[in-house]
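In what follows, chain A forms one complex with chain B and a second complex with chain C.
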Partner chain A sequence: MAELNIDNVYKSFGETHILKGINLSIQDGEFVILVGPSGCGKSTLLNCIAGLEEVTDGRIVIGKDDVTHAAPKDRDIAMVFQSYALYPNMNVRKNIAFGLEIRKMPKEEIDAEVHRVAKLLQIEPLLDRKPSQLSGGQRQRVAMGRALARRPKTYLFDEPLSNLDAKLRVEMRTEMKKLHQRLGTTIVYVTHDQIEAMTLADRIAVMKGGVVQQFGTPQEVYDDPANIFVAGFMGSPSMNFLNCEVTESGGNYAVQVDSEGRIFQLPIDPKQADLSQYLGKTVILGIRPEQITHVMPHVEAEPFVTKVPVKIEVTEPTGADTLVLARINDQECECRVHPTEAGKPGEMMEMLFNMSKAVFFDPETEERL
Partner chain B sequence: MSVSNKKGLDYWLPKLVVSPTVAITVIFFYGFVIWTAVLSFTKSRILPQYEFVGFDQYVRLFLNDRWMGALTNLLVFGVLFIAICMIVGLIMAVLLDQNIRAEGALRTIYLYPMALSFIVTGTVWKWLLNPTVGIERFIRSLGWDSFTFDWIIDPNMAIYTIVIAGVWQASGFVMAIFLAGLRGIDTSIIKAAQLDGASLFSVYTRIIIPSMRPVFFSAFIMLAHIAIKSFDLIIALTGGGPGNSTDVPAIFMYQFSFQRGQLGMGAASAIIMLMTVLAILVPYLYSELRTPKNG
Partner chain C sequence: MAKTTDPRYSPITGRAILYGVLIVIALYYLMPLALMVVTSLRSMDEIRLGQLIEWPDAITFEAWKIAWNEAQIGARDELGLRPYFINSIIMVIPSVAISTLLGALNGYVLSFWKFRGSELFFAALLLGCFLPFQAILLPQSQLLGWLGLTGTIPGLVLTHVVYGVSFTTLFFRNYYVNLPHELIKAAKLDGAGFWMIFFRIILPLSAPILVVTVIWQFTQIWNDFLFGVVFSDPDSQPVTVGLNNLVNSATGEKRYNVDMAGAIIAALPTILVYVLAGKYFVRGLTAGSVKG
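Up next is the complex of A and B:
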């Protein structure tokens, strides 16, 4: 077990620059989730940490050892590959046992270990099959098994649950969490699944274009996004972004919105942003759909809550809530209401805009204000 | 009406187009195979005749010392040729797989011998191996006066010269097959093995090479059938000599059928060769067509 320091790492393939100065300092036993759009360099970063790709510049330090130029096997890392990378000539049992055999573990211990992980991952009936005789989700679990059979300093997981059915995925997610709590190993984990990211992570690193946009706890990343990209990437349905003009009302700053020709002022919590520089200018208001709800008396009384009638364009029932697409400032805006409260498309409906968690961005730089 | 007409044309056109090929294959390939089989059961000497004598020709064949000698030679040549080609081809492929520079050029150079006809290979190696003009003379001219390399005129060693020439010609091709096989392996498998702590040597011996079983099999089949049918190389290199020391079944078959007026026995030897090739090929085709590919 050890901390993992990624220090200003660059990686280029010829003239294509993939990682552009990654800095992450990951504590001992921390569960870090990497998220970001496809092609942003997540797998490349994991490969660099594992030593499978030589970094172009920068350092990688595990514990006290600078491993930047160490061979993969000397870094004491186990990895689950996005493409599974199972050994095609070996059955499942041998696939899981291979790393242990190479490390000269006694035969009985290997058998015990193989059975332990096979049970954990529910692949016991498959132990004697070849990878070519497995489904995608089964292969993925074997790939997990191969990593979990070892006790390395660091685990790297590249979308390890992406191919499982919904139920199994939830089960495996819980197993991952338990496993991490039991072993306390440092884990770097790539996923495209928002819920996985929020539930598993101690900290989330949001990447885009080879640069870490934000590195913080799930709640920080969710409530306090560093820029529009992070705000829009985290959370499903995504945050609403509305271009609004900043005004002053009653000693307080507010943003002005237009619904069906009527103008409303939404007062701003001064804790959220200081907009004194932007008076009379346009900013981007970021507000999550769950902050725009149907009228609830106990919410209505709270500060920074404003009632605005909006015209419903589309409704999307999700079961627990209904998403209502409305038009504000001539832009689309999603609101989250209780299914029984939702009106019909074309109707007007009163919504409560709760600005206590609203965030603001500069329209030019798209950075947080 | 017009629709069904069109359907009719669509249905018949492909059959019409391939029918000449099918006809030619049936007549000249299977037809002559059957004719040869028939002749092997007759008393035919110089010309075909149809007086059937059962398995007499086969019995005579296996009582013939030259035939048994040819079979022994084929065994020696076949085993060495296949084994050495595979080993050399594999080593070259693994070396070429290490991301070296000029790989394309090297690959082409290794492949060139395969583009030559066996007659050319045979003739070139005949000169190289000839003690009075080739390697022996060259080394002696450098000063090693006692150097001797006269396998080609030594009846006990001549068969090995054929192995040398055959390996020279075919191993580049085997290398290309193996290289394609190596390239077909997902690089992340190698990465995974490295993380598991395997050395490069065990990555190859325990994972990559074992997972290339189908490739080995294809290479083996191709080499085996080159070996069994080998004729032109030997004719050009040694002509079957010295004496009959490099005789192989193909030469035996040719000489008995067309030069010695023993058409029946020649046909019998041809059928034996066909059976040998089939014995190798049928299990191969069976396994290729039946089992799904390992992935």
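Up next is the complex of A and C:
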């Protein structure tokens, strides 16, 4: 176990710059998730940590050791791959033992270690099977077993759940979290699935274009996004972005919205943003679907909550909630309401806009205000 | 009579025509072999008195015996094709083994341990596949002369290895390109080095392409005549040269039965290899082309 410091890491392939100055300081025992769209550099960063790619510039420090130029095997890390990368010619036992054999561990210790890991992951009955005889979930477990066997300081996971079907993925997600709680080791985990990131991580690093956009706890990243990209990437359904004009009403700043020709002022919580520079100008209002709900008396009474009748365009029932697509300021806006409260497409429906968690972005820079 | 337009019959008719054509083609291709076998089992008297193409009256293995170890070929003391056959075996085993192993190693490096210019290197190596045998005769004999290997079996082995490496590299490289790169990454993290990964992981996964390469190289090298006749002395000549001498250098009567038996003997090992490993050959050739 050890902390992991990534210090101003650059990686280029010729003229293609993949990583542009990554700084991450990961604590001992922390579960950190690198999340971002395809091509954001998250897998390259993981490969750099593993030593499978040489960094162009910067340093990688595990514990007290500068491992920037160390070989992968000398970094005391283990990695689980998206394709699992089990050796097809070896059975499960051999797959788990391979790394131990290479490190010249005595035979009895290898056997003991294989059994410990197999028991931990409940794959004991599979030990004599070949990878081709295993299901996707079983292969996944074996791949994890192989990583666990060496008891490394740090674990790296490269989209380990993305080849599983939806149900199994959710199960393995929970199991992964339990495993981390039990082992307490440092984990760096790459995924493009923001739900996986939210549910698993102690901290999330949201990446785009080879740059870390934000590094924080799931709740920070969700409630307090650094820019439009992070706000839009995290959360499903994603945050609504509405171009609104800033006005002043009753000593408070507000944004102005237009619903079916009627104008409403939505007062802003001054804690959320200082919009004094933007009076009379357009900003981007970011508001999550769950902050636009049907009328509930106890919510209506809260400050910064405004009632606005909207026209329903489409409804999408999800079971627990119904998503209502409405038109505000001539832009689509998703609202989350109780299924029994949802109206029909074409009808008007009163919605409560709760601005206490609303965020604002500059339309030019797309940065948070 | 009404026209039969019952749609149920059309697939059956199609099949029947297809199989009919296939059988005719197969017979056409088997005919020469059948004729060789039949002729080799007839006595010379019978051939002389009867037709060239005819069933044997009495089956005799006399011609096979003569071809194997009784015929005087050239001015050698040892008789028959036997010494040539043994030369071929001594030549073909190391040639196939070395060229296949080198090809596997080349393919491994060119797929997983790319270096600056490795693509260019591969392209240059591929050029060797298109070089005609004749083009390397002079430089190769010069080289063998310098190495003191002229007219020896090791000289022939070297020639075949050098010539074959282009093909074997191509085979292995194209097979390895389809293996997941994550396997190599996982092995590196497990602490395995270059040779460990090759021998413990890559080579055990290479069975289909190994079979293809071995069959290909075996057939090429065993059947080669040009290198065999140019780079050998009388006591290192392979069986293809021996067969040529048996057929062309005999004086007097043409012994068709002996010629046929000799030709079959010379071709037997390649036929045997193909029969034993043929199904892997087809499987290996298509391996990787279809996913799943």
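Some notes on this structure:
We take it that the second predicted complex is superposed on the first by the 333 of 369 C-alpha atoms of A that agree within 3 Å, B and C clash if a C-alpha of one lies under 4 Å from a C-alpha of the other, contacts with A are read in each partner's own complex, and residues count from 1 in each chain.
Here, contacts are C-beta pairs under 8 Å (C-beta built on N, C-alpha and C of every residue); 3 or more make two chains touch, one makes a residue touch a chain.
The shown structure was predicted, so the numbers you read here are calculated from the model rather than taken from an experiment.
When both complexes are overlaid on chain A, chain B and chain C end up clashing with each other. When the two structures are aligned on the shared chain, A:232 is found in touch with neither chain B nor chain C.
Within the superposed three-chain model, A:87 lies in touch with chain B and with chain C [touch as defined at top]. After overlaying the two complexes on the shared chain, residue contacts for A:50 are found with chain B and with chain C alike. When both complexes are overlaid on chain A, the residue A:132 reaches chain B alone and has no touch with chain C. When the two complexes are superposed on chain A, the residues of chain A that touch both chain B and chain C are 47, 50, 52, 71-73, 77-79, 81, 83, 85-89, 98-99, 102-103, 146.
Touching chain C in their complex are the following residues of chain A: 47, 50, 52, 71-73, 77-79, 81-83, 85-89, 98-99, 102-103, 146. Touching chain A in their complex are the following residues of chain C: 180, 182-183, 185-192, 196, 200-201, 204-205.
Only residues 47, 50, 52, 71-73, 77-79, 81, 83, 85-90, 98-99, 102-103, 130-132, 146, 150 of chain A touch chain B when the two sit together in their complex.
Those residues of chain B that touch chain A in the shared complex are 185-186, 188-189, 191-198, 202, 206-207, 210-211, 213, 292-295.
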